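Chain IDs A, B, C, D, E, F, G and H follow the sequence of writing; residue 1 opens each chain.
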């Protein structure tokens, strides 16, 4: 509940147009869709600028199906980390849901997406990083942000990146996705002026330690101002890019 | 060297107004101030939107002094991680340099700072996180970005954060600085819509593992779209915020 | 064997009503049910206030079935970390055993549970933490402690916790169960005066490192007096809560 | 602010005895002593049952001295992790402050301590664990809880523990402090029915990894219901014990 | 090749009874059974007092079967870490091989075992540690050392250990096998005078980190003179015990 | 693109024989085979002396099949980390591809291999290290370097290594492959003068931590000048050996 | 208290020659020298075959001095990890104490050492491992075990070890002390039949991680039956060797 | 002792020109300079192609001084990791020794250095990596290998590397030295065909973990055939380069 809404509520109480008990209930009821196992956060768009997204892992297909049914009658829905089995179940109860198997994302669009100004460039070091890139792209799409994937431009053949630099420079924010040593984040960070969100991936073996090497490498990047998300967190990087796009949009309006 | 400059240079060569040898030299000489021990990157403002900053640790006072003298005749200079001893030496050869002992930052302002639109809120969990906050604030200042510190609003007394929320919401980007478990990043990330850059600090002991706990906590934040920098990296967080401010400024112009 | 019993035994020996050899046997036989592969500890209620609980992992279904048969003729039995297969086997030899598949707990109630005074609030950050919460709830039940689960009130939508605070404040002890960064423990610990036992869960991916991030975050919580159990250890948290309930009950009697 | 106070405040607003603006201010002002660098949490006794304690590390002597002066005119004050130098400075501005050099605790008692019912037993494995035990004991004292230290009863000579068991069994809660492998927590946890809070210490070398081995050992204790604090966190263990004592006291009153 | 044999060989060369080339060949051929994929070490009994043992993991059933066939015509054979599938294959080509499925050991006895003087006590903390104990027992047997397993005497119910202490004290060397926090090694090490070899096991979950906690706990044991093997290394502990038995036997002969 | 080629291109532009636009296209097009999901690096032989090799993991069989078809019409192809399933698919579309199941390498030879001067010795500690050795051998073969495997000569029976030393000394570079503690690298490094590339393997269990122990052991080898690759990286070691062979070949020509 | 003594005590109680209260006191008093800060374990020689040794770190010079005075009137005393300052203080109050600065051991001999049969060989990889070797040697001496140091025979020059092998083979037990990768333990373990106790040292830098690499290497040694102590734990290795010597001595008597 | 020498020795024994005892002595005496604390390996040039180098850390100045005196009468001497204090002492007894304080290397040249064919390029990411580069350069020099340092060409300003590429390409082997994320190794490895030895440095803070991030990044480099040394191990990298130079030199002679 925003500061303005809170002031309104307090004023209504003072004016007697709202009872104290009702005020306390209002504070509670407007904010959560309570399904027992899940308390779906309805206030998140107001607070964060984008809705709660369902994290599929550790939930049962039935729980996710119920959320799609209950939330999907009022707004678009996105679930990440959705297995093929979970997707099949949800689609059986909610036939309009669409599944992206590479990005493991399940989406339901019931209202037209309103596109924001400014595009995001999603750059990957290798072909094997594509699942994370797809998760990021789907998330951007559901948040109304256009995104473009530039795949397999890692530093072992750095001319591939140089060739694609103009496309990267045209975006408002850049997501760099890389596994192994994650050096692409440093190189991109050193070459472009935009916000750069680095996503380490679990691509690699041995001393990659399931993404730890890329994570540490990106955190200690010699390129200034590169920020980092969790390993394989394409969703989080897209949300971060969306926060940036929103901030700029706010700016362009004032 | 930007794409436009490169095209110009190639065109000049084609037109005969530039020899091939001169073209190759130009590509080299315009970009670096070579001091032997250091190759100061003069192209960084063109590429990244802000100048190279001197990382004081592991350099000798003499090296840093020389950089201040050589760079400081053409542009403002910022050095981070500067000990009191190093600062004293540099000030002896470059008397206009100013030292912030809490933030361990040394600055030289030879051209007026041009302030950009949009402010950054720097939020700290505890009093002990202030050195990192000061490093971030000094960096923002040298990059032309206004920043405001809200100290000691950690989640053990969450009303302190709630009380200061309006000031946080007024900023264009938010830097959250916290040690120990770093939970403040999740709470702020859940309450505000702006880009949130989280900086784990080495404040704490035992299982804090010199900032590792806060780092892991911030990377796995349940609040969507929080991005993370290296431990104690106030400088990097400020650069990230500056990249965001620049992106928005670019937007407002178009 | 308690101090009182030991004195009695020594006195009986002195008085000649007990031979030395019998005394040594008594010390041994009253304390253990020896099944060869397992030495079931019969003294634990006297020492710890609650019986030995069977840890299912690493045991064969046959071993667990035998323990249920042998122990279940004298007292209630609880086994944790029981797979569906193991449960099916035990139920085939001990049909009154009941299985909670979400909490992976197998129980046999042959004597009515005697409920203690004071309730435990089990608070979870997300839906995916429910299996750990169920293990804690089943353990509480078998130890005679009433427990209530408040699910999915994590800090990404902190109003969900605030809304449920009165129910948390009504309990005598609080168990906080959270994965990812585990920030909920700090927030709850900062808001309530009761004993808070935090259970990190393996919910999450990447830098969650199978619960390590939540574990470290809870250990370094800025909220004073939060204590921590092993990752996913709902059983241990319930035992800790039971120790607290027992301590208070002892108090209320004196 | 408790639920009751909040209802009162809202009622006053409804009745017109409190303006909306004043209500918002009241919510803010009653809760924090704002010193600029520090926002001392005045609501903590109401919320947690004990006051905010000053963590000395990372603060300047001047900051701590100022807190003692400003807080010490209304309530008792405790600071932990205080170096001898910091203590000397604070005592120079606040002469009644007392310093415990072994426990590195600085205390100021301006109101008589009100002792609660029930004692805490602090058990240490070795002589080198005494600083942590002293920190716990001082914290207990300032929170009105009596505590008794039983030192050097580690499992290498387990008869030392057995000899002291009656004293341990007489307490309401037990704090076990051990470095190296921390096995004492398991042995005590297996022998007593009370709440057991285990504190790993950094005593040891090599594979002790500054307390990590003891920490992991205590977290994975085979004794049920042992909970754990951060390494060397005598303060946190005392707070946890105090939460238990408070819970029992609440019980004995009802 | 022992020092004596080497001197003999050199003497033979000097005396002309052995050519230089033959000497070099002899040094090679007497020592290794070369199967291409494997160079089975035939000198190990002379050097170490016990034969090379086959480590099953990472080998194919065919390779192990071939080794059994080729080595089994001259001496007894032991293979550890043998899966049921591998065992079945080897038994199909070498029908006298016997498989211990709990200990995952495959043995072939073609010469009667010669028993050495002195027994080994194998003590386990829990039922789940039995596979490691069985591997140790089988290894002892094949090395001619009698061993006895005392299972499930962990410190959560320490009277179980005390009851069995006389049997432990009767052995010449003690192997302690424990998972979780591994505290049993410290307690046994504190109670007995014999050589104590501690084997951490991967029994446990969460912060057990697959045996790391037990390993670190045993390495930092407060009981003096406890030594440690790799996690789950029942085989290695048995070899260490055998080295001790051999050393004592050597002693009793002189 | 080499320095010479770049000068030529710039000269052509100056002379007017190449337009600026064509120059920019040429720089791009000659270097990459763009398949959408993959940007196959065609410049790598010129830059590195050997072609890009396909890393099979994380790619789909279809993607790898397409690369074999598209690249295999102009040059030999090697893919590593290829599962049997992936190999079967690629062979179905590209029947001349050959699969080495032990080394998990898939090769296609369309042009005769040109053998370079100098051989590589591949030394393994145990039989279980053979898959890594085979990957190295296949890579050497495809890069035109002869390689010979000496298997199972680990330090537990050091005479096996001594016996094979002449063969090791005959090579130009040595690859040492070992799991567990990886001591073979130190022993070989201490006995031979050649470049020694050490490959830790994930052979082992428990404290081997999937190759970490061997990795750390090789990195800290007391033998001077041993260098190390990633765990199980037979491919990388072969490339390093090939770089050495190439450097020497360059030398012998000048 | 041994089983025999316990039976005697119980019999005395039965016979009336000992009161119950006296029996309980006797059990306590005979076993501990209680100094308040320290409960010196007087039963250890009976239980473990050697007396309690003082661990100097974390104790004050005054505490150690007091222990020397109080214990040194009845038996020999050994303290390890003693700084020069602590040694000076203890010598000021107990002038007969002798200090070994390299081994950081402080000893007081008031009764002639009784030498046991069988010698220990202490083998070090490098000169920098000598402090650990000296600690082991002093401990052996105080436990009545003769020990001989063979220094600087690491595997980078393996002929140095081969040259000294006869001396190693003459010992009853072998202690191998090595830092860096610790490969010497594997090589010695592969060459000798005796019990081998490996001590990793913190000698090294970088990926040595203060002894972790050597520790892991020794734990995963391919030589069978090598056991390991904590990093730099020369004391523990000597105690382990002493346990072996004692076991053999027991054997030779029967 | 090389294979040829061994054959000669055996032949001499056969011919009677050498007694067996003398043969055994010869094998020992020719190989080691035994100083008690140190067994200086005189065979290393024959075996490895370069002499033993003294590792200064953990040795006393007196020990190092003695080695310089005893070895320095027959050959050049190099000691690494030499503090200023140690250097001063050695120079007091051996005045011709020269100290490089940045590289912490102490050298004594008594015979003219014989320069080998082929140069080494030492490339550093930053100014702070210079100490490691200097250690490498001094080692190269003492091994007769010319080396050239190219400092501060890290990837944050990648044009600095591109500008210096011709100089890198002119070398026979390349050493890349970088801290933080170590990305320079991947970029150089992708751009040049020579053997590339990567040295991670401890330059950085926080998640650099004293060089661990750079180490992991280099081990998982996406550039094929980059090999890695220990953190800060300029000495080892130089030895590796020297092994390569020697291998090529051998080649050019045949």
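What we mean here is this: contacts are C-beta pairs under 8 Å (C-beta built on N, C-alpha and C of every residue); 3 or more make two chains touch, one makes a residue touch a chain.
Keep in mind that what you see is a predicted model, and the values were worked out from it rather than measured.
Steps from chain B to chain F, minimised over paths through touching chains, total 1. In a homomeric contact, the two copies may use the same or different surfaces; for chain D and chain E, over half of the interface residue numbers are shared, pointing to the same surface.
Residue contact pairs shared with A-H exceed half only for one pair among D-E, C-G or B-F, and that pair is D-E. Per-chain CA centroids place chain D at a distance of 58 Å from chain F. Between chain F and chain G, the centres computed from C-alpha atoms are 49 Å apart. Averaged C-alpha coordinates give centres for chain A and chain D that are 40 Å from one another. For chain G, residues touching at least two other chains, in rising order: 126, 156-157, 189-191, 206-208, 212, 215, 219-220, 223-224, 230.
Applying the touch definition to every pair of chains gives A-B, A-C, A-D, A-F, A-H, B-C, B-D, B-F, B-H, C-D, C-E, C-G, D-E, D-G, E-F, E-G, E-H, F-G, F-H, G-H. By the touch criterion stated above, chain H contacts chain G in their complex at residues 1, 27-28, 31-32, 36-39, 41, 43-44, 52, 55, 57-59, 63, 81, 200, 202, 210-211, 215, 230-233. The part of chain B that touches chain F in the complex is made up of residues 7, 10-11, 13-14, 16, 20, 23-24.
On the side of chain H, the complex with chain A involves touching residues 125-126, 154-158, 180-183, 186-187, 189-191, 204, 206-209, 212-214, 216-224.
Per the touch definition, chain E reaches chain G in the complex via residues 3, 47-50, 53, 117-118, 165-166, 169, 172-173, 189-197, 215, 219-220, 223-230, 235-244, 246-252, 254.
Chain F contributes residues 126-130, 151-153, 156-157, 159-160, 163, 203, 205-208 to its touches with chain E in the complex.
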